[in-house]
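Here chain A shows up in two complexes: once beside chain B, once beside chain C.
Entry: the complex of A and B
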């Protein structure tokens, strides 16, 4: 039984982020890939949309320069023929401040011929910003 | 395949909810339905963890009281076994001023005996709060500096 493309991509991505080894990842990304991480790009420049393999590898390099992955747990995972979706909890360290960050995210990935052709990542960004600031953001409640 | 059936069940459920037929949507859920959205509950107190039909209906009524029109696009829907994951693009029109809040949600459904038993959501909450409050939060944080916002 062939291994699902998600597992190869996931291993290569974590190796790229933690060890800055990009060789495995390069072969697992489609030239025409669409990449999007939803979030405030003025606070986290490595969020946002990228198109094409070179741009995606570059943004993964930026992520690697900013965080280290300590642990991740998949809360849910679904595998389609050429697609996958998962909900995950990450424990990271922000490299500039050495602060621990706990992150919840969901990803929807699509693969073509075993290579990543599209990925959308949604992050609990309000919580992430508060952790990055090191304090809660006080805003008015909108309802009781 | 059970996946196709579950996929259609989730689509039907979303149609009922967006059309305001809350009782019908609720009938597609188990009695012990568990809902969790990662929204900041000090700002959006109706979100967070909800358990059971009455609790869920209470939250849905709050949402429908605030928005006059709801529309969804579902660019990605993946099903495996008793689970369905949907990337939902939601468009909610505010009753207060007719402005439309647009946001993407990752929603993960777990079904049991044909009914939805668990819903988990993750969304770009920073952007959602900014749209709901109609404030540029990033600019506000930059302007107020540390410990002021």
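Entry: the complex of A and C
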């Protein structure tokens, strides 16, 4: 039984972010990949949509320049033949401020011939923004 | 082939929220259910964790008092034997202000004997907070 594409991709991605080693990752991304991280791109320029392998490698380089991954826990996971979804909790450090950031995200990925062909990532963005600002944003109570 | 538990649960949930008809939903929730919606509970008291069927039905009633669902699109979905995950986009109306709200969320659900036994829901919370406030929150550019 071969290893699921998710595990290979995940290892290569974390190696790229923490060690800036991109060789493994390059072979695991489809030329025609669709990539989207939903969130405020004004604050985090590496959020948003990217299309194609070069654009995705470039945005992963930007992520690597901004954060270091300390640990991650998969809270939920589903694996299909060529697909995977997971909800994850990351402990990061923001490299410019040296601040710890704790982040929950959900990802839905598709693979083609073992390479990432599509991924959508949803982040608990309000929590992230407050941590990046270093202060709470005052919110009114909206709902009854 | 029987229908996946997700479809039954989803229909009953939307019927509960829009029509305040809870009969179908009551039979589709495990007594021992674990429920979590990640987000700012100060602003949205119906976010957060709930345990047990009574608490979950109560929080769904609170949601029904606050929003109406106009449409939803499943952008990604994975189905297992007793599990399901999806990324969804909702068009809602906030009932107090009559404001339209567009919301992206990801959910990971588990079922036991056809009843919901666990669900975790992640929301693009920053986008939601801005829509609920009715104005953008000014953000500095954090990353390089």
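Methods note: the second predicted complex is superposed on the first by the 144 of 144 C-alpha atoms of A that agree within 3 Å, B and C clash if a C-alpha of one lies under 4 Å from a C-alpha of the other, contacts with A are read in each partner's own complex, and residues count from 1 in each chain.
By our rule, contacts are C-beta pairs under 8 Å (C-beta built on N, C-alpha and C of every residue); 3 or more make two chains touch, one makes a residue touch a chain.
All figures in this text were calculated on a predicted structure; none of them were measured in a lab.
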item	value
Superposition on chain A - do chain B and chain C clash or fit	clash
Chain B versus chain C as contact partner of A:135, first or second or both or neither	first
Contacts of A:76 with chain B and chain C, given as first, second, both or neither	both
Partner chain(s) touched by A:106 [first = chain B, second = chain C, both, neither]	both
Partner chain in contact with A:94 - chain B first, chain C second, else both or neither	second
Chain B versus chain C as contact partner of A:66, first or second or both or neither	second
Partner chain in contact with A:45 - chain B first, chain C second, else both or neither	second
First (chain B), second (chain C), both or neither touched by A:85	both
Doubly contacted chain A residues - partners chain C and chain B	38-40, 42-43, 75-76, 78, 80, 83-85, 87, 104-106, 108, 120, 122-129, 133, 137, 139-144
Residues of chain A touching chain B in the complex	38-40, 42-43, 75-76, 78-80, 83-85, 87, 104-108, 110, 120, 122-129, 133, 135-144
Residue numbers on chain C that touch chain A, as the complex places them	38-40, 42-46, 62, 65-66, 75-76, 78, 80, 83-85, 87, 94, 96, 104-106, 108, 120, 122-129, 132-133, 137, 139-144
Chain A partner contacts - residues on chain B that touch it in the complex	38-40, 42-46, 62, 66, 76, 78-80, 83-85, 87, 104-106, 108, 110, 120, 122-129, 132-133, 135, 137-138, 141, 146-147, 149
